[in-house]
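The next part holds the structures, each set out as structure tokens.
Look at the two complexes coming up: chain A is in both, with chain B in one and chain C in the other.
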Partner chain A sequence: MDIHIREEGGVTVIKLSGDLDGKTSGEAQEQILPLVHPEGRLLLDMSQLNYMSSAGLRTMLLLYRKVSGSGGSIVLAGLADEIRDTMSATGFLHYFITTDTLEDGLAELNAATDNAAPGSAAAPGSAG
Partner chain B sequence: MQPLVVPGNLESLQAIRDYVMAAAAEAGLDRRKTNRLRLAVDEITTNSIVHGYDEAGLEGDLRVEAQLDDQRLTILIEDRGAAYDATQHRIPSFEELTAPLDSREIGGLGIFLTLKGMDDFRYERVGNRNRNIFIMNRGTE
Partner chain C sequence: MVERIDSYPTHEHDGYKLRTGRPLPFGASLVPGGVNFSVYSSHATACTLVLFEKGAAQPLVEIPFPDEFRIGNTFSMIVFDIDVENTEYGYRMDGPWEPEVGHRFNKDNILMDPYAKAIGGRDAWGKPPNWDDPYQHRGRLVFDDFDWENDRPLELPIEDLIIYEAHVRGFTRHESSGVKHPGTFAGLREKIPYLKELGINCIELMPVYEFDEFEHSRPNPMREGEMLMNYWGYSTVGFFAPKAGYAATGVLAMQVDEFKALVKELHRSGIEVMLDVVFNHTAEGNERGPSISYKGLDNKVYYMLTPEGYYFNFSGTGNTLNCNHPVVRGMVLDCLRYWAAEYHIDGFRFDLAAILGRDQNGAPLANPPLLEMLAHDPVLAKCKLIAEAWDAGGLYQVGSFPAYGRWAEWNGKYRDVMRRFVKGDTGLIGEVAQRLQGSPDLYALRGPTASVNFVTCHDGFTLHDLVAYNGKHNEANGEDNRDGNDDNLSWNCGWEGVTEDPGVVALRQQQMKNFAALLMVSQGVPMILMGDEVARTKGGNNNTYCHDNELNWLDWSLREANAEQFRFFKHIIAFRHAHPALRSRYHFANRDYVGSGYPDISWHGTQAWAADWSENNDHTLAFMLCGKHAKQGTAQDDYLYVAINTYWDGLPFELPGLPSGMKWHISTNTSMSAPQDIFAPGKEPVLDDQSHVIVGGRSLVILVGR
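What follows is the complex of A and B.
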């Protein structure tokens, strides 16, 4: 598991590489959750993430709650089919905005900021 | 395939997944079935390590063996941790699985994914061993 963090145009881009499982999810949580700030915008680049178990779903749940609780927005970019299946079967996918590419994800976050009322999270299901 | 024996700790999860992926490739499972099998085995072995060994104050190995015949791939996993039968676990309801994430209980998803994803899944307690049996029919759906 490798986590790379950078800022791009006011968006925090978090790139996850490898496997998000029972061993790595705790460390991922510790690194990612502190990056959520009030009304912040997060892009999770999952294009190099090979695998996610229910431990990874737990990480996603905590992240979602922290982002929505702080009036921020989050987009997931580049999900592998396998991870999409896991998130779909458990009813997670419906609540996240997903895009195929990083560029589309950034565009989505910028559009959401332009259109949304201050402090509101972007509506799910509007992209991808 | 030659059985794999690894220590019952979280460091072993990757090696177990690698073994299962190799078995799935040998069986010719498609991408979706391969992921479901990998996920099921990973969820159950994570439970065995965390609940069966760690939380019970026990130590031991996990033994993983793939068996292949014309119709199906079977993965047998044995541990010597506390007895635990995943098939008796309560599965989240449809309402719980579709509820907004803000009001979700996170428990039970791993076992849900296991039971939903496998063509057949069985549990046996043999002496002081848990035996979890994962069966996937070969070929595409």
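What follows is the complex of A and C.
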């Protein structure tokens, strides 16, 4: 599991590569959760993620809860079909706004910030 | 937060850090830093925990429980630093091998935890297992932190339910379903809009507890390359685990989350989830069957045994779970509580439930402690409890099942008399009147909600086959048509099986509408069988327990091909939902107690106010429900009139008068074709002749007075 973090126009972009599972979820939580700030915007680049286990699903949901609890927004970009499918079947997908590309993800987060009243999280997507 | 002292190990074995565990809860539970394993046996002398890496042939480690980890008959231990997702576990139990007194301990066997919350080994449906693996069904660990958001069981009043009995795999396995993952929980979830359109508000799932589809599997003699298998699943391997092979994500061991996601989504759509639970026996069979779990853990406790140590067979499947042994009772209670609390299950239907009322020697108990305990349990307090009130040992308790004010029953007498009545048998008017009222003759004190009314269920003919076959056609089961019930009370309408004869086809359609309409106007709780709403056929096979093929898979193209049937079902279901007078919690009083001038129910015939109960009348019956008495006068409803004619020719029925200003409107006439056969609630046209209605031969008319 490789985690790469950068800032882009006020959005924290986090790229997850490899497997998010029971072995790597702990580390992912340690690295990502501190990045959650009030009204912060997170874009997760999932395009290089190969596999997400039950523990990985929980890590994602924990992140969603932290972000929405602090009035921020989170978008998942570039999910592989198989992972999207797993998230959908297990009921973990509908919490998230998802986009195909990073650019769309950034646009989604900017639009959400422009439109939403301060402090309100973006509405969960309907997919899943 | 203050750190807990019990998150530190005190013992070590082969590099694994350990600590004495907690006996409760039984099973494997995630605790800070590790996993708490707890198992019990009344007669074992020693126990060893066996851990595997997921799927591995050889154990990772075997950890004997130290003596100090044993309290009473329980063995419990915390093992630290376990990889929750990649670990499988089992137990070796040491103790006497003395079958003649009921003991079958053998420490060479690795046994599955009866409380295993997920079970590996049959991860994808129908994938041939590795038979050389001595440990076939492996306990797995699960996260129990599913995010239910604000979901909880719906607690719909039972009298308002319309139950749809379905098989998870059969519902969407057929390629015509068009779902992404056919035959799975996820596939079912994709089809929820269909269930909503149909209008049902409770889905009863045939067994979803882990079972082995390969149990007694054998080549299909009729279809080369196909296997006959344990398709229905009435043979439990583990009572606490959802069937992995029913989950699209079973190969990823995510069946727990996938099933919970299904329940949550059904609830969001207003549909309750009921589980068909099989506590009468297990998949371990008799003396010759495999030792999966219970046999090796505590044979004498889990099973009813003869004095010589053989298995009693009240279930017809080899063994009988010893349900009124206090320990087994505890397991059943733990299990149901777990499904109600962890999975938000709304109710349970108990397969061959009469067995649950037998004592340890098989004798029926007057006051069975298990049934009483379930009825009064705080966690289960709002769950529906429904009994199949008979067993394979000859105990038939329809009307007399010990109810404790809670238990409802599959009303087998409803099914039987309605089948006979609709096919034209005579001498039944009196009994039919009882069944239409929620069987007050059977459930005088329990009320109509004790009666789950049905004409068809998974066992026996589909509704289509009930009107298309006089006899069963079970050749495909490979037993020369000997298996299955011979007493189907069916009528083929003039031709056995498939025909293009328009007269026969039309009569069958009409008879199916009659059954559907009778079900929906009867007091009690109606249940329909998956696919009957689109006239599904099984080709006359009335016992398809072993077929993983089109005999059991719902063909979704029938939705279009039999659109008239679907439309009728949809409207007659909507009719029931629209009329609270049909859904009373209490029996009729047969008098006017709200001052409407009409009794709550009144009986009629071809002459109004003059029902003919004499032996001369075999074919006609009509009743009116006073809308002012709906829900004991607390709900507003129309007046409803139902006239039934099972004679072959049409007959005029004189209509009872309505309060002034009201008119009879025609809701349903099963002798008509769509769209004249039934009108959506609120769209019923006014009847031209307000004094009479012609009820066609073998048909039924429903009028609405408003």
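List of remarks:
Simple rule for what comes next: the second predicted complex is superposed on the first by the 125 of 128 C-alpha atoms of A that agree within 3 Å, B and C clash if a C-alpha of one lies under 4 Å from a C-alpha of the other, contacts with A are read in each partner's own complex, and residues count from 1 in each chain.
Heads up, the rule we're going with is that contacts are C-beta pairs under 8 Å (C-beta built on N, C-alpha and C of every residue); 3 or more make two chains touch, one makes a residue touch a chain.
Worth saying up front: this structure is predicted, and the values here are computed from it rather than measured.
Under the clash rule set out above, the superposition-derived model of chain A with chain B and chain C contains a clash between the two partners. By the document's definition of touching, both partners, chain B and chain C, reach A:T90.
By the touch criterion defined above, A:R6 lies against neither chain B nor chain C after alignment on the C-alpha atoms of chain A. Applying the stated contact rule after C-alpha superposition, one finds that A:A55 touches each of chain B and chain C. Comparing chain B with chain C, the partner in contact with more residues of chain A is B. After overlaying the two complexes on the shared chain, residue contacts for A:S68 are found with chain B alone; chain C is out of touch.
After overlaying the two complexes on the shared chain, residue contacts for A:D19 are found with chain B alone; chain C is out of touch. In the superposition on chain A, A:D81 contacts chain B only, with no contact to chain C. With chain A as the common frame, the single stretch of chain C that clashes into chain B is 243-251; none of the other options in 225-233, 243-251 or 549-557 do. Shared interface residues of chain A (contacting chain B in one complex, chain C in the other): 21-23, 53-55, 57-58, 61, 85-86, 89-92. Those residues of chain C that touch chain A in the complex are listed here as 83-86, 142-143, 145-147, 180-181, 184-186, 247-249, 252-254, 257-258, 260-261, 264-265. On chain A, the positions that touch chain B within their shared complex are 19, 21-23, 51, 53-55, 57-58, 61, 64-65, 68, 81-82, 85-86, 89-92, 94-95.
Of all the residues in chain B, the ones that touch chain A in their complex are 10-11, 13-14, 17, 31-32, 35-36, 38-39, 42-43, 46, 49-50, 97-102, 104, 106, 109-110, 112-113, 116-117. Chain A makes touch with chain C in their complex at residues 21-23, 53-55, 57-58, 61, 85-86, 88-92.
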